[in-house]
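Chain nomenclature is as follows: A, B, C, D and E, assigned in order of appearance, with residue numbering initiated at 1 for each chain independently.
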Amino acid sequence: MSNFYVHFPVISVMGLFLAAFLVEIFGNKNKHVRYAISLIACLGAAAMTFYLIVPVFFRGEVISYWMGGWKPEGGYAFGIGYEIDGLGLFFGLLTALTFLMSVLFSRRYMERDGHLGHYYTLFLMLAGSVLGLVFTGDVFNLFIMIEIMTFASVALTAFRHGKHPEALEGAFKYLVLGSIGSSLFLLGVALLYLTTHTLNMAQIAALISSKGMQPTTLLAFGTMLAGLAVKSFVVPFHTPAADAYATAPASVSTLFSGMVNKAGIYGIIRLTYILFRTMDKESLMLLLSILGALTMFVGVTMALAQHDFKRLLAFHSISQIGYVLMAVGLGTNLGLYGGLFHAMNHTLFKGLLFLTAGAVYYATGTTNLDKLGGLAKRMPRTTACFLVGAFAISGIPPFNGFASKWIIYQAAYEKANLSGNFIYVIITVTALLVSVMTLASFIKVTGAVFFGQAPATLEKTKEVPFGMQLPMFIMSALCIACGLFYNQTIVYVVNPAVNAVTNPAKYVDTMMGEGYAFANGIGPQPTTFTSVSIWDPVFWLLLFVIVTCAVTLVAVSGARERGPVSLPEKTDSKHATFFGCEESLHSHVGGSDLFWGFKKDLKGYFKVMGNLHSGKTNDYALWVVIGVTLITLFTFVFLS
Amino acid sequence: MPDILARLLDVLVVALHVLIFPGLLFAAVGGLLLAGIDRKVLAHMQRRIGPPIVQPFYDFFKLMGKETIIPAAARPGIYKAAPIIGLVSLSLMMLFFPIFGHSAAFGGTADLIVILYLLTIPAVALIIGGSASGSPFAGVGISREMVVMLGYELPLVMVLLAVAKKVGGSALVFSLQGISDWQLTNGCLLFQWSMIPAALAFLLIIPAEVGTQPFDVAEAETEICEGPLIEYSGAPLAIFKLNTAIKMFVMTALFSVLFLGDINLGQYWLLGGLVLFVISAVLTILCMTFIHAFTARLKIEHLFKFYWTVVAGLALVSLVLVWFGL
Amino acid sequence: MFPFAKKALSNLFKKPHTVRFPEVPVDAKPAYRGRIVYDPEKCVNCGMCIKVCSPGAITRTVEEVEGGEKITYDINLTSCTFCGTCQDFCGTKAISLSEDYHMVAEDPKDLIVTGSRIKQKVAGRVTLDKANCVYCGLCARNCPENAITVDRATKSWTINYDECVQCGQCITKCPKKALSFQEPKAQGVIMGGDCVFCTLCAKKCPVGALTVDRAAKTWEIDRNACIRCGACVSGCPKKTLSMGDVDENTPSRFEKAAAPAAPAAPAPSEPVKAAPAAPAAPAAPVKAPQSDSEPKAEHLPAESAKAPESVKKALPALLSGLIPQAKNDWDTGVILGPDCIYCGMCMRKCPMEAITVDRASKSWTVDREKCVWCGICVANCPKKTLRIGDLDGKTAAPEAAPVAKETVPAAPAPKAAAPAAEAAAGESGVQFGEGCIFCGACAGACPMGAITVDGDWSINRDACIQCGACVSTCPMGVLSMK
Amino acid sequence: MFKKIIANSMTKSPWIYHVNTGSCNGCDIELVACLTPRYDVERYGFKLAGTPRHADIVVVSGPITSQSKDRLLRTLEQVPNPHCVVTIGSCPQSGNVFKGSYSVEAPLEKFCEVDVAIAGCTPKPEAIIEGLYKAAQILKKKREAM
Amino acid sequence: MILINYIVAICLIALGLYVMCAKRELIKIVIGMGIMDYGINMLIVSIGFHENGTAPIYTLSDIINGNLSFFVDPIPQALTLTSIVIGACVDAMALSLVIMLKRRYKTTDADEIRRLNG
């Protein structure tokens, strides 16, 4: 059996769902049983997904799988098909990595909660649904996976409602807005079915290509795009994300930012590049880029105003999704490279950051920036991991965030140059500025949580157990590795995905038979990754050389001649912090007090944004309705 | 075997670049001298004699000889590593500058953006080191440093984009070598009238980047006891001071490369280039000193407003002009 | 902003303002108050500088060396305010402030300006020759210690030797050369002449230097044994002993040969006339010197010590006529009035145990031999019936007893009525009112021990003699007599 | 070589940290006067530092009031070695006119070693410059002894 | 007939959205979600509808005889069924959340359930 791996996608998805039920049945009593089931399911699914790298990435195959062997008959696909191309597997890998890390983290992180059987059930359902979402080749199946995903996400968000009643609120908002999004997607599916009479994505792509865009198709595109935008929390729809991410357990927040977010992005890419192939339209590029730029700006400025660790991270998630959307929306190869690479990096560093937030919560019981401080001495490993994540998300070389952001800037400016549209220049400037603001915001977290003086309540804080450190270490290592060897990462991981996106013909042909795509007017347009690189790894090697040399220089000059180093043996006034007043009057500069001048100058803006994020479900629903209407109208007016 | 030898030679040459010529040593000496010139000229503008030009060297060596006290609230590792991270990124930055006809040690297609990011690292190092020391003054200092960074980053990005557009035309040039080459044939960018606002904006950015007078809110020693540096002493402090000096050098070098360009000097490239570079660097630093001499420290909110209105406005004017082909 | 910019640019081409100080020495401006210079040779050790120095930067140490005292002045520049007051006040210009401002030292001891000289010992104390004094007051004005007080109006000159530093300024400044150093006189007890030979002084003397013979009416002091403690002076009931300067002329023996009553009259009045410096006198008498010259400004004790000698000769004849001779030798004594209740308080208080009171027989007797008419019994008599007066033959002795006895029957009468009164409207005698704090003072005062205070106040009416001692003792005024 | 350079640099760039322990501000003004263009101690590398951690010379003025004593001692401990303590004016040496007050703790020698004492009330800027210069030489000696 | 179906479906969707935006009562918001779902379900069913179509059920003889009449598209019906089930699940979930919210917040007024804001 040479191609036994064609069953892997289905097995991994079904295995996760099956494990979900098994946990519910057998795992409610014994914690070892339920964790074993969960871990085995996750490991198995992840292993199978990772195995697919070999055929899909290395050999360039597209795997198709028909449920029950219902192959297309007479050019019409009746059955439900699974199809894994480079794009699907790319997001599948991110998903697998995320839930693997999260399940490792959950073991110790969730140990203090009750009802863990339900937790792992929902967890596995969420993992399975996202994996199914990216592997499926059927548009209605996609909808169902979205619904399961929403369902599981909402339940997981509200999981800690006992300790945090706000979790219920966040879950409810998420549910209401999410259901609007999925309903819209369903509406789009229905309309699509009306014109094409099929649900298979490959066939839909081919038929739309051959029939051209009709008004119904356009409407379907608009609603589906809006629905997926709601799912990926693009700006007018971002409000539930902040609430849900902030209130869910950190392991679940990791899942949200690592795969639930990405599922929406995956949907948008699939929709625009393959299903409708509308990315050649300048207006759509503008729409997506502007949406992306808006998302990243609003996200980062809102993050600056936050004083809860996880809520701040949630807004950063939104902001980084803006980067991805903006880059993907540029419609250029470089943009795709940047966007997909950044999506991957975002999964890594934002997952890492949420894990550190979880570790901080585990150790201290709070995520309020004003109550935290001075954890660096007490949780050194968590601090190190957090710093890696913070530097990565801020785009500091040599971490991975820098590489992807740099490609995005280049893509944006190149796009501006090519199109001659000044809006892209503004977008580029925004992107660069947002990067600095991200840095600023993480400096705030660094200063407020890990450095500074520890409040008296946190004196006895201890480092989290190794079971929680391990996923953080893995994520940190990946962050650094992807930054140092970003060239290889792009070539071996991102490039196949980009090739898949830009080569829909292969996707269609694999599913519907050779020549089907060409017959319907989808030509092959494969691309390769070219001329992006400026640095090769030798350069980074050099950096290490310099670091070593600099350190050596300092050490050599200091061996005898340099002044002595006085380490604090114990607390005495020589090593005490210098301040001009009494100890009782001394205060730690809290998270809310940072960026005072910035906030003062932009207080009008922050006031408006604060009022817009009112927390009322009705307001948020209104935002969604307005956003959806605008997107639909825009597509209808400008794409026809 | 010869392959390995050649590789080894490459590494040696690179190490030479990194440590001696455009890298660490050159930048350190140049930066400290520039800082000395700055202090001397400033003193004369205030009608006093001022320190000797080599004063920053004395300061550096003295600090190296002092005891290093690591405060109890700090993590020794981060506390000691922070200045070195800044130093490394700064000396790395020097490798990108094509200095007096000597082509850049590392050229690339988009090194401007790399420089943009590398420029933030010393500030980040300062912030990390400062917040590691756990002082409330440092907390205020890093908050201000961050706002200053937010302030100047927007105009800086716009200036760089304008330069790239001006030089590249339809094909963007984000490489310093390319900008330098363009100026060889087309004359200095400073004399392109559409670039004058950008040059002005850049000149106003330098003091904030280096942290001198009207924009030294982050390290206001009379107000918040040197902000992030408050707990630093001895060798780490010396390296931070060195970082400031090198940053001065890097910023002036960047200005010279971006706006003052290069002149084809034929066979006298080495000497003539050196003279040109020194003249342009000193001129740039004089502008900075001049601003320093007659201004008082701004408040942080005024500073931010200034950068996002006046300086960003200047840069935007230039960007728009360039965009419309002027 | 632009004017500043212009200034900055133009400054660049101007010469710096800077004073190149360490290379080019800079002198202080004239009249700069810098390092203090002290010339010990000019110094007269008057201490004026120490007195005027507000931060107390100047200290003086005096060492005994051969041939005099080594006087060292330390002017601590690290404590100095450089106000220059010492310079201004120094009469001899021994201290002056230079224009040297280089007062920098690694060791703060380098910043102490020191100077010393050896001063020859001066014998004696400043003494005034009153004959020459014109009371100009120059000495007082020049005294660094303000030890001299001169009042021109009353022509008084006093000196406080505690303050005097023997600087000699007054002597050099005196225009009439009336001042000089003189050896002081020794101190001792001086008898005033009002002695009644009660022997209290002898009893009080801790060293037994006094001898009093009541019989022979002699008082004698052993000056060698006397330690000048003053116990006798404070114990003298007649306040006739005092401390003062003594020399070999001062008598150490006193006899009753002189009329004892005589000094009483002239002694207080004479100094007032002779020495108008009365206001200064109370403070001065103990140590005031006795000058050899005429003590025009002398003090009361000195005068009174002198007085007996003159009176001794002049007054006996006069007085012998005035005082009738009693059958014993005594012409003065305690006289009992009619109100005696024989409480015995006088007996208990009498220092000489001269009085005997017998309640049972209602007799009051005084031994005139023992009585010194000190008056203590008079002061303590609750009925105020005793007095001190001249004795004539009748009042001389226990003859008073019958009078007292006569009064006795008066007492039983109310005493007999007491039970009835107690039953009806409260007993007569001591009445207990509101406000008692039960301090127990009345119990202590009662000569009969009739009152008991023990959380409650009770009186034994049978024992009470209604003397009223408790009433006068009561601090709260709650007791009354009825 | 480094050792020599560092030791020489000690005299060339002493940074001053100024502590006012209840001074009348006379000495403080004169110290600031040293930094003005007229005296310009920056010629010799003197510079006012903002925190004791950067300081080489701690300049104390004022009579060490009991309120400021603990703060002064804490500050002095935080100065990295080698460092010098210089007193300006009479107050920290003796308490001057405040001597004997219930709230004055002078002299400073009770609490720490004083390297250079500058007398005067207040000293002339020239005297302060002399004193600081002397302190810089002591700094070098201390560094060589390290 | 079909047109009316579409109009009603669109009206239901619009009504559902309106209820979600305008009504502050949480239960009503959940009802709005339901109404929107029903509108979409109606649309899907209408898509598959053909006038005079029969049910897509054939016996073997029908196929052999070629007696294949015009039938209604069965797939939208299957979709509708699935969608209804999912909608019911979501509504149940939402209602359970409302119950918990009522228990913890003591209100079901959306204006007062806004602890997460800004």
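Note that in this section a residue touches a chain if its C-beta (ideal position, glycine included) is under 8 Å from a C-beta of that chain, and two chains touch if they have at least 3 such contacts.
Keep in mind the model is a prediction, meaning the values are calculated, not measured.
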Legend entry - Chain-contact steps, minimal, separating chain E from chain A: 1
Legend entry - Chain pair with more C-beta contacts, B-D versus A-B: A-B
Legend entry - Chain whose Cα mean lies nearest the overall Cα mean: D
Inset, instruction - Go ahead and note the Å separation of the Cα centroids belonging to chain D and chain E. - result: 83
Legend entry - CA centroid of chain C to CA centroid of chain E, Å: 117
Legend entry - Chain centre separation (chain B, chain C; CA means) in Å: 88
Inset, instruction - Just give me the whole-number Å value for how far the CA centre of chain C lies from that of chain D. - result: 55
Legend entry - Contacts with 2+ other chains: residues of chain B: 43, 46-49, 64-69, 137, 225, 230-231, 234
Legend entry - In chain E, residues with contacts to at least two other chains: none
Legend entry - For chain C, residues that touch 2 or more chains besides their own: 16-18
Inset, instruction - Going by the contact rule at the top, pick out the chain A residues touching chain B in the complex. - result: 374, 376-377, 380, 383, 387, 391, 394-397, 402, 406, 409-410, 413-414, 417, 422, 425, 428-429, 432-433, 436-437, 439-440, 443-444, 446-447, 451-453, 531, 534-535, 539, 542-543, 545-547, 549-551, 553-554, 557-558, 561-568, 571-572, 574-580, 586-589, 593-598, 600-601
Legend entry - chain D-touching residues of chain C, taken from the complex the two chains share: 16-19, 21-22, 26, 28, 32, 34, 54-57, 76-82, 101-108, 111
Legend entry - Sites on chain D touched by chain B in the complex: 2, 5-7, 9-10, 12-14, 36-38, 40, 42-45, 48-51, 53-54, 56, 78, 80-82, 143
Legend entry - For the chain C and chain B complex, residues of the former touching the latter: 1, 4-5, 7-9, 11-12, 14-18, 20
Legend entry - Of all residues in chain A, those that touch chain E in their complex: 140, 144, 147, 150-151, 154-155, 158, 161, 165-166, 168-173, 175-176, 179-180, 183, 186-187, 189-190, 193-194, 197, 199, 242-243, 246-247, 305-306, 311, 610, 613-618, 621-622, 625
